[in-house]
């Protein structure tokens, strides 16, 4: 069940085929997951989202690929995005997250969830020393 | 402005003093930030929250201290917790997060925020291959 | 699977029948979707929620019906309400939202999701010129 | 700083005066807090919101007034609504919530925040026995 | 479908068996729901989460068990945690929440959801009298 | 107070100056609001975010500029982003949103907030007819 229609033959459209080819080349895998298949309902949105995700997640950068996936997963958990939690848990594991690291990640996320609620409930003033902006 | 009363002389209570001493020893600093000062309104809650945060964030574990703070910060951003965002940005910097890493962290968080909304809007079915549970 | 029991014969209760009749008349359709069927477990809550939704969404107002559904959908996406996303996507389409408008709506929602996370992470002070309250 | 303009002399409008009079009578107090003062920028919205809040929170019902405020506060914490957290903490205290009950409420809210994140991260299937709907 | 693997024979591990025994004794029931079964993938996390939930929810305290479950449920609804909403609705009913109380709880939660959005949209300044912190 | 440092002389960097010039040209105004000033701490992130926001919000498209701002605002309210709510309320007004339309927008947002909580609490199954994906 989805709110957009899965295209019948998405790669008949050369814009979609170009994105799918780039996904396969970037990942070294023939598998295209449902996000991209359904997103093909709008080639422009597909191109924009893939460009962003690829540039942030697949290009070499300061933060290593496994850690990037774990951070992405942490945000997805907080935002209650079911699909994203499943896909980025799988991606983090594919990039080397062990079961013990997964458990520790959940421990950090849930502790943050706890104190986020605590501070939103206490409304404590922010300490002046935390200001980086001035 | 806060929803709980800042205790006048919190360390007069030995339970509070014990927690504050542990905070100072754990961090190697005399500074006690507002979360703990205000949380002293209830010694039991102070003890429980500090125990959790210390065990997860200050004890040696699989994930290094800087990365743990960056994950904690990512969750706090998604949960719109103003105090937590300020305090954990400061903590991540204190543990070595550079300005460039901070920018990359924001790039990952905001890309996740974007696709979290996209998937919540598209309601795409989760691919079977993502299932780890069976 | 639901947390409330679907009534066996909801329209046997005249309060429920009155609401269902109004739903059918307002929409010009015999179809009653699951929200209202399950909400019939409590006639008072059913009456209150239907009154609110009808007055805001079905009565002539400054904002046209299609746009109202698109705004409603945007909020539902941000709040990760699965049922609401499905029902208000269907309603927006029924009121004329094209596939291209749906894609543009998702583009706006996801860009907002991105910058919402960015600003919650940066905690930038609000510009004085934005104040409307003084 | 606000996004709507505080009316200069709100009670010059008889619709606004009627709502403010009802607020004062319902609460047995002359104090009108900022929510209602600013909401007076639109008399219809003021009337609707006050009617809802009054009917749910100020009329005798199954749940006692103090508990109702504590539940309202719990939702407001989870939704990160700063104003609401402040106003409903004050209201819960005015209706008898002790400092120890406030601490216990925060303990429940933060434990829920913790396990909400845990389950959103684990995506465990819902047990069949929890179904009330069939 | 889940993001962690359900252990084959969880109680073969004495740490897990000890927690499960405590769950059964605390609840006076042989039933172990999926949260705990899946959480057994990491004995330490299982021990920590159960200890927290048991201490807050199952030990005698100022707030009665039924009300505690209703507050827990309110937070879970606001956080869009599907599993938590199902499990804590069932728990609240098991501790005596009637259908009419359930309806009233939903009425409070949804009114809070409404005004939380209203205040986040209006950004009204917090009244000075609400400050408890000074 | 912010988590990133406001650059001393941002336009000394030609990449930043190019973005600021484009902001001024696109808006027909010399005013650069704090988001962009602070975001100049990282030229790449500044470029990417501005490109996205400009392409979605400032280029001619199917949805008119005022409506786009109102949708953006609706998402920002649901996500409790204080800065975004202020800036996009101001932008929507600048593009023609009247006070009456603002009140109606708040009415739609708050009704959605209400039913989002209701459905997350009831967990009603999605009607088959809402499926667009098959």
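Worth pointing out:
Labels A, B, C, D, E and F are assigned to the chains in the order they are written; within every chain, residues are numbered from 1.
We adopt the following convention: a contact is a pair of C-beta atoms (placed from the backbone, for glycine too) under 8 Å apart; a residue touches a chain by one contact, two chains touch by 3 or more.
Only a predicted model underlies this, so the values are computations on that prediction, with no experimental measurement involved.
Of all chains in the assembly, those touching subunit A and also subunit F are B, C, D, E.
One of D-F, C-D or A-F repeats the interface of A-E: more than half of the contact pairs, counted by residue number, are shared by D-F. Chain centres here are C-alpha means, and the one lying farthest from subunit C is B.
Measuring from the averaged C-alpha position of subunit B to that of subunit F gives a distance of 27 Å. In this assembly, the C-alpha centroid of subunit A lies 34 Å from the C-alpha centroid of subunit D. One inter-chain figure worth recording: subunit C and subunit F are separated by 20 Å, centre to centre, where each centre is the mean of the chain's CA atoms. Contact with two or more other chains is made by residues 1-5, 38, 49, 75, 77-82, 85-86, 89, 100, 106-107, 109-118, 120-126, 130-133 of subunit B. Because contacts link each chain to all the remaining chains, their graph is best described as complete.
Partner subunit A is touched in their complex by these residues of subunit F: 1-6, 38, 126, 130-134.
Those residues of subunit A that touch subunit E in the complex are listed here as 80, 85-86, 89, 99-100, 102-103, 106-107, 110, 117, 123-125.
Residues of subunit A touching subunit C in their complex: 1, 3-5, 41-42, 44-45, 48-49, 75, 79-81, 133.
Residue ranges on subunit A touching subunit B, taken from their complex, read 1-4, 31, 33-35, 38-39, 49, 52-53, 56-57, 61-63, 67-68, 70-72, 74-84, 86-90, 93, 98, 100-101, 104-105, 107-109, 111-127, 129-132. Here subunit E touches subunit F in the complex through residues 73, 77-78, 80, 82, 85-86, 89, 106, 109-118, 120-123, going by the rule given at the top.
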